Structure formats: C-alpha cells, structure tokens
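Going by the order they are written in, the chains are A, B, C and D; count residues from 1 in each one.
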Amino acid sequence: MARTIGVIGIGHVGVTTSFNIVTKGLADTLVIIDNKPGWAEAERLDLADSLGGLSTYTEIVANDYSRLRDADVVIFSGGDISVIQNGDRNSEIKSTKAAIDDAAPQLAASGFHGVLIDISNPCDVAVTYWQQQLNLNRNQIIGTGTALDTYRMRRAVAAAMHVNVADVRGFNLGEHGESQFTAWSTVRVNNDPITDLPDFNMKDLNEAARLGGWQIFSAKHYTNFGIATIACEMAGAVMSDAHRIFPCSSYDDDYGVSIGHPTMIGRGGVISHPAMRLTSDEVQKYAHSATTIKENLAKLQALG
Amino acid sequence: MARTIGVIGIGHVGVTTSFNIVTKGLADTLVIIDNKPGWAEAERLDLADSLGGLSTYTEIVANDYSRLRDADVVIFSGGDISVIQNGDRNSEIKSTKAAIDDAAPQLAASGFHGVLIDISNPCDVAVTYWQQQLNLNRNQIIGTGTALDTYRMRRAVAAAMHVNVADVRGFNLGEHGESQFTAWSTVRVNNDPITDLPDFNMKDLNEAARLGGWQIFSAKHYTNFGIATIACEMAGAVMSDAHRIFPCSSYDDDYGVSIGHPTMIGRGGVISHPAMRLTSDEVQKYAHSATTIKENLAKLQALG
Amino acid sequence: MARTIGVIGIGHVGVTTSFNIVTKGLADTLVIIDNKPGWAEAERLDLADSLGGLSTYTEIVANDYSRLRDADVVIFSGGDISVIQNGDRNSEIKSTKAAIDDAAPQLAASGFHGVLIDISNPCDVAVTYWQQQLNLNRNQIIGTGTALDTYRMRRAVAAAMHVNVADVRGFNLGEHGESQFTAWSTVRVNNDPITDLPDFNMKDLNEAARLGGWQIFSAKHYTNFGIATIACEMAGAVMSDAHRIFPCSSYDDDYGVSIGHPTMIGRGGVISHPAMRLTSDEVQKYAHSATTIKENLAKLQALG
Amino acid sequence: MARTIGVIGIGHVGVTTSFNIVTKGLADTLVIIDNKPGWAEAERLDLADSLGGLSTYTEIVANDYSRLRDADVVIFSGGDISVIQNGDRNSEIKSTKAAIDDAAPQLAASGFHGVLIDISNPCDVAVTYWQQQLNLNRNQIIGTGTALDTYRMRRAVAAAMHVNVADVRGFNLGEHGESQFTAWSTVRVNNDPITDLPDFNMKDLNEAARLGGWQIFSAKHYTNFGIATIACEMAGAVMSDAHRIFPCSSYDDDYGVSIGHPTMIGRGGVISHPAMRLTSDEVQKYAHSATTIKENLAKLQALG
C-alpha cells in the first residue's frame, strides 16, 4: 500500500540518499526532515526540480513527522560530521546524541512502527541509543555499520586483483570506526578464498581499504555516495522483505551490543543472524571492537 | 562502441551529475577532472564505493584528459559558484572564464570531438566562450541554459494546478539568469493552454518559478539535483541520437548569440531549431535577454 | 507498506507485463494467476530465474487469490485473444466474459480493495462488466483503453515528423477498437499544434497509426510490448498517487459508459477528468464510439 | 561512441531479450533480424510502441545487417526450439545449424567485429560452429551456456535455504544440456560452503534445479525470462568492459571445446579464465560434458 521512506537529517549524506531514492523511484512518498531553518524546504524544491526528467513520481514532503506514521523505513542521518575534522570523536558522539534526542520523541509521537536505519556516526553507538529511545522491537533498529566498510574493501580488492567488484564477496566486521576489520577468511575473489591466492597481500589491502574512506574524507570532509547507495540497498531489502545479508550494525546477543556483523534483512528489520565462521584472530578483533563500542556507548550515556 | 562521458569541474553540481551517471549506468567510462589537489581522486573513490550496490558497471577515471579523446559527451561544471553569494555576477564571469581557460587547451589537446554540455554559469556566455576556444562545429557546444528554469516552472505550475509535472509542458527561454522568462503562450497543462485556464495567475506563477531557484540557493548556496538530472537527460539524448527538444542554450542565428531556446538534440549536438511561436511581448523579452547575454559576453571578453 | 500487484491471466500480455514489473522492481510482491494447469507456476519459475541478474527483489506468488487482499493494483489480462484471428469480435466478448466470470468472485472473496486495471479486450466493455461484478467504487476500475492507441499514434507521428516520441503529445479517444480515433486537435509536435504544420497529412497518419497495431497483430497474433509498458505506467501512477493524465478507459458521466478519455490517475484510481476540448467532428466520433461500446456491452449482457 | 546491439532470430527468446534492452535503455541502437516475412518489422513496431512510456530512447532497426558493422554485441537466438518438443535433440542441431548458415555470411559481410553471444541451442555446439564461420578471434564468440543453469540453481537453493538469491553463489558447469551439473563445491550460501550446511540435500537440490527448466518448458514450450536477463547482463559486461565472471560457454583450451565454465567477460569478449577448483568427481562430470559436446558437434558437422 505505497512505500514511504523518511530521511531525518538532510546534510550531504541524507540528501544524497534522498536524491537516490527520488531518482530511482524507490519510494512513493519521501519525507525529509531537518532542523536548520529553511533547509528541508530548499532541498525539497531542489529534489522536486529533478522530477521533470524522471519517468517515476515521488511525493516529497518537508519537515512533517506525522507523515512517518506508516513509513516503511526511516533513515537517520542527523548529527554533524564536521566536528570530527579535528579528530575529536567525542564531539561527534555529542552532536549525534543531541540530534537523536531531538528527533526520537517526535518520531515516537508520529506512531512510526517501521524500520529505522541509522547512518549517523558513531553508527553502532547510535543504533543502541535509538533502541533505548524508541518503544520498538530491537530488530527494527539497525545501522549501515560495516556494510560501507565492506563496499570499500570490495572496491580495494577488485582494483588490486583486477576483477569486478561483483565478484568480490566477504565481510568487514565490528565497529563502524577505527577498530573495524576485514574478516579475510570470509573474502572470496571469483569464488576462491582470497587467502589462497598467490598475489594476496593482506597488509597492502588493509591499507587500501582503510585509507579509501580517509582519502575521501580528508578531501571532502564527508563521504556520501557509497553510504547513500548502501542505505538505499538496505531500505529496499526491508521494503521487499528480501531476506538479504548485509554486514550491518544490529544487536549481537553474544556480545550484548549492536555491532557490524552479517544480518539477514527483511520486512521488520532483522530476520536472523547467519552464524559467523571466523578465525580465532578475527574473533579477537571482533571482541575488541565490541568493547570499543561499549566504551563509546558509556561516553554517550555519561553525557546525560 | 561504449559510451564515455567526461565531467570537468567536480564541485557539488559536477559530482552529483557524476553520481547520477554512475548510479543509472549511463556511461561505460566516466572521466572526472578537477584542479583541486586530491579532489578528483577522492570523488573517484567515493563514487566507486557505490559500485558494490549496483547491477551496472562504470569505469571511473580521475584527471586524465587523454581519455576524453573519444568521449561522447563532456559536461563542463567548472568555475566557483560561491563567488556569487554576495551578488556580484561579474566575479562569477571571472571564475568561469578562468576555469575554461584552464580546461579548453587540455580538452582540445585530447582530440575530443564529441558534444560539450556546459552547466557552468553564466551559462550562455560560457557556451559562446567555449565555442571560441574549441575548434569544433558550433552545434557541438551547448549549455543546459533555460532547460533548468523550465523544470522549475513545470514544478511550480504542477504544484499550483494540482497536476503531475509530466502533464505540464512549455518553455522558459532566454538567458539562464535574471532575464529568463516563461513563455506562457507555450505552456500547456493537461494539454490545454495554461492561459485559457480560469485559475491561471501569471504573476503568482512567475514568482513561484523564479523564487524556487533562489530559495534553494539561499539555503544551500548552490543547487544540484535538478541540474544534474537535466544534464544527464541531455547527455542521454546526445548519445542515443534521440532528436529530442530541450530549451537549452545553443546558437541562435537571428540574434547572433547562444541563448536558451527550443533545440533538437542528437548525436552531434544541435540537430535543428524548431520555429518558436511567441507573442510579441515574449519576443521582446527574448530580445532583451539576448542583449543581456551579449553585454555579459563583452564583460568576459574584456577580461582579456 | 510494500507494493503488491496482481496479474490475472498470464498469456503473452499478462506475462510480459509481469516481466516488466519484476525486472524494473515495481512491486515488492507480484501475484500471478492463471487457470491453465501448471501455467502460473511455470511462469513463476521463469520470472524467478531472472532474479539472479537483478539488483531488486520481488516475491513472486502463483495462483493465490488470498494474497490480493491488500494489493495496490490488479491487472486483468484474461480472455483468449486467439479467438479474434478469424475476425469474430463476438467470440472475444464471450471468452473475456467467461474469464471475468471466473475471476471476479475469487477476487471479491479475497477482500481486494485496490485499483483494477483491465487490459483484456474488448477493453471498455470489460471495464464496465468488472464494475458490475465487484463491489468497489467505479473509480477503482479502469482499463488501458486508448492509452495504447495513443502510444501508437505518437510513434507514427514521431516517425513521420522526424521528432522524438517524447515531443509528441495528444490523445486517441473512444473505444479501444475499430471506432477509436486520434483527436488531432489535441496533438502537438514540439509543442506546436500538428494541424498547423505544413507537412501534416491526417489521412496518412491515421493509416500509419491504425495499421501499426494490425501489422503487429497479423504477424504475432497478439501485441504485448506497448501494452505491457502502458499497464506498468498506469500501475505506477496509482501506487505513487501521481495525478497523471492517461487517455484510458474510465466512466464518462455524460455518455454513461466507460470509454477512453483523459483521466487523472492516482491512488484510488480515477482522481478526476480534465475537460476535453474537441472539435465538433471529434465530438461526433466520440459519441459514435460510445454507442459502439454500448452495443457491445449489450451483446455481452445478452450472453447471460 | 554509442552502443549498438543486434539480435538475430526474434522468436520468444530473442524478442524478450530485445524488450529488455529497450525498456532498460541498454543500447542506443537495437538491430533486430528475422527471416520470417514481416516478423522483424512487426516486432519493431511493438517494441517501438513502448517508447512512449520510457525515459530513455533506443533506435530500433529491422532486418538491416549493414547496421551491425560497428555493433558492440550481437546476440544470436536463431533456430527453432519447437523441434525439441518431441525430445529429438538432433532436429534442434539441424535447425540451429541452418539458422547459423543463413546468418553467418551476412553478419560477416557486414564487417561486424564485436562480440557474438549465442543463446541458441545446443548452445556450446553453436558457439563452436559460429567460431568456425566467422573470421573473428575465438574470444569474441561466447554463449550463455550454463550461466542460465546457474541462475536456476541459485533460485532453487535460495528457495530451499530461505535466503535471497543474491546470497547464493557458485557455478553450474559443462554442456548447457542434460549433462550440465552443479559444482556443489563452489556453491556458497550466505558465504558459507553449502556442503557444510546441515540442511543441504544435494539430491533434492539437483532435482529442483534441473526440474525448474523442464517445468517451465513443458508448460510454455520455451523459457525466455531468465535467459533474456542473463543475455543482457553479459552484453552489459562486454560493453562496459566489466571484467565480470560468468559460467558461460567459451573455449576451454584443456578440453579443446567451448563449454560452460567460469569466464571473465569484458570488451573483446573473453578476458581470461579463472582457474577452477573442482573435486575429482566434478572434474569427471565436466570431462563427460565436454565429450558430449564434442559428440554433438560431430553430428552437426556431419550434416554437411
């Protein structure tokens, strides 16, 4: 009965995601919300200007929480990424918490009962905080998490191995942050374990994958195209009940925290978690990442 | 034999256009070029990060003019729109001229012989200046011009008349700038002349259409989604030799200047110009717009 | 809350429409229904085989009316077009009536309350008969009607006038059958009234437009690509509440019958009917077409 | 410089592939060729009727070999699948050989120098025969081969294991025919080897995958949607030089025959063959399949 997607926080990331939604006809109604005076309305007009060249139609609504009542998906891209330019992650925690504190009661009041996809940072902490703010099933609240890091790893591997990114599979796991890691034991190139390939250089590839994001960030001070694409893929998987696997941020019972790991996504959000088969070294990295997320979560909670 | 599109100048407009090209699979090779150190490579990585979620593949190349030799289309989005925040259009002329002076010899040296679509501002002046810099047929150099204003008019009319933008037709004409105007005699709503409709209020609609762009601009300091969409539509029309009409900037023999007016686009750029049927009032506005463009062109030429 | 489309009658037309839905990701769930033993399941498998190459996902369900309860749109393509090979339209009326008699009670029992789009023939008669069988608002039941004839007219005009079909506008009206006609007073080429153009030859164009369908039919014994495209466009307009105009079959109060005329489509089906501005000759043709539809309707009712 | 695709043989498979090309905007020019009098022109008109509802444009040309001179890809879907209804594969060899004998000299005369993708049957034999008829590099001539069987296996596994087809990877190999087989050692579900999963039942899945095609075939007497999708994926990979892996039919040096095995596809056709890692049982099946292809090839050659 019609698809509705909300995007809360219309900075570079949120609005690029919105453009992707409109231009691909992913939603019948798109609700964009932003606190900055005049901002959502300005973006609504710019997005609507593209309708003249599309064969699909999307109703675009600005700053109306009430239209999120029956939304299938709300994508949260609030907070202020500019604060981490000076490398102080704590200030990002603060700005994201403030944005959630502002949005959560209004979203709850709308009667929203769909799936929330967080793309704000620090992503895993934000997912947990959202779970605490909304009276929804924990499965309905997820984050893009290491799904983006996985895209980057696949791009770096494809370039190094001279194959198409479609033929690189596997997962980056853990915190969407400095402690994330590629679980190389899961990575396959043309269906072969990458670890068996003669020209596999783990150190170089780790560098290439990690540096990718920072290289973008240091020039642009944000990254938006990869994240907008993964957010739309995940939103599509929810709406079509696709039962697809994404290494996104969702609750891990064993570690008691939301963290990037393989998650089957469908209507209702998390459908299940396929068992991970990691090396002991990878398990250790994952555990370390979980600890890091918990520490950051404590910092957020301490903000009061 | 494969589609290649170049985008020179990867600011907000150029890169959003690039994202649209990649995400819709419009090109087999996309060449993005920018002078700012590290910028094109950063955007290349961010755009490439989206490939993990697409079913099409586009090779993305950064800062390599030589790859434009056989490009079907080059979109020029150079210059610095930020300079017009204080309302001084002359500084924009200066920055755009500088960007063309930088790009033109390198583009010429590549052996490029396709169609150049200018989306920099002031668009009509830039189109003429490009025609002077490149040793190409004048038909191969066009600008988005009032095609964007037309999108905005259609959006404003659709909203006011409660119809879909697909059912609003007609043209904005003249300079892509302050002197542009809606040729209301050409506008049809649900196939009826808008001037016959009882609830047609020309003054209100002129305001709504014109203010749209400024409302976006005053919040964002640029507009990118409408322009990225129209640029891709025009590039598509060139590549598929679509013989479609766009009210874009192309040379008008009668007025001796490139200006926004209905232009049939195909491979090779301008195919023909369908005759305009304007009221005498509209003819006058068009003539005034042509004069304005010539004045600005003189200012540009005077820069030496 | 997810888009569901049903297609009842999976002959060449129904299944091509279904393929278009799956391959463009227009629905989250597609329910295909056919009486021929094993047929819907065979097509379900063939359609599902395409999912391996798509970036979108559609659940495909065979022969389950209960899944149509919350369908946004049901497309009816039942009946047996092969019976008109020998030119006996009455036998087509018979086969279509039988198909509706079979499907209607099962569709009603499902609790379906969306929009039904008929693409079976004779289309206008079938629309009326559906309106009599289902306990829905008359606005919820429409047919593709002369929207397809309009596509064909636009294709023929574009070819004759050397323009793109996107720049040909206007309507074919009346019965989707022999008495349909192009309302040339509504047709515009590059925004100009076609009747003003020096090379406009009404007789030749009438022939070209009308013969198009028969030329396809006489080779293939059915036509499926144009109709599948228009059916999906109309289904999309319903789901996104697009308020777009189609010259489709819907109830005309003045003539007391469902007939092809400009109809604004959105959620709920018919939103409104923009006033037609026809010449007296066109009005006469339209009235004649309405009479023809009523006569055929009487034949159908007489079948008991 | 614009994408041109040719489709020779416009039966159900060829024309569905053509529709997919037009409706997704994959080509700037589509050339469809068929011997049956009036057929290609009828399909050209039906395909062109869909242009009125698309935002892309494709020039559609009927029965003009000369337009294939600079085609990027030619898809061959000639022959007469109806002859195998009575289970006599030899008659299919005969009809396909006749179709190639008819098309090959005309295609050669056009100066075609792109990539030929065979989707006629028996596919592997047809690929080899094409290689003998055209004066092209062997890498330029491939067939869809077991890429379609692989789609079917993935669909069957996804259904049985309750996952999305996107998360099922692996290959069917060998002859596109009765001796094809799933190389289960290559199949991964959610990135895990399927052979490690507790609910993996090889016998049931082999049945489900193989029966899928026959279930479609026994109802429809042809299958078209899966094959049209894979043919377009492969054509896209050629045009965009994607360097993607398909288990399609290409020349295997070790066995001296064209056969379905993992093949990296790009501009120029075959880029390389990633090494296969099969169990000894799978190697045996593959060798048996190669022998079968050679036997059928001998039958074809014996036709004189």
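Odds and ends about this structure:
The definition used in the following text is that a residue touches a chain if its C-beta (ideal position, glycine included) is under 8 Å from a C-beta of that chain, and two chains touch if they have at least 3 such contacts.
Protein names from UniProt, one per chain: A, B, C, D = L-lactate dehydrogenase.
Just so it is clear, the model here is predicted, and its values are computed rather than measured.
Looking for a copy of the A-D interface in B-D, B-C or A-C, one arrives at B-C, which has over half of the same contact pairs by residue number.
With centres defined by CA atoms alone, the chain at the far end from chain A is C.
The distance from the centre of chain A to the centre of chain C, with each centre set as the mean of the Cα atoms, comes to 41 Å. Distance from the chain B centre to the chain C centre is 37 Å, each centre being the mean of its Cα atoms.
Annotation: 33 Å between the Cα-based centres of chain C and chain D.
Looking at chain B, one finds that residues 53-55, 57, 164, 166, 233, 237, 242, 244 touch two or more other chains. Chain D contributes residues 53-55, 162-164, 166-167, 169-171, 186, 188, 190-192, 237, 242-245, 262, 264, 274-275, 277 to its touches with chain A in the complex. Within the complex formed with chain A, the chain C residues making contact are 1-3, 25, 28, 55-59, 70, 72, 233, 236-237, 239-242, 244, 267. The part of chain C that touches chain D in the complex is made up of residues 16, 19-20, 22-24, 36, 38-39, 41-43, 45-54, 57, 148, 150-152, 154-155, 164-166, 212, 215-216, 218-220, 223-230, 232-233.
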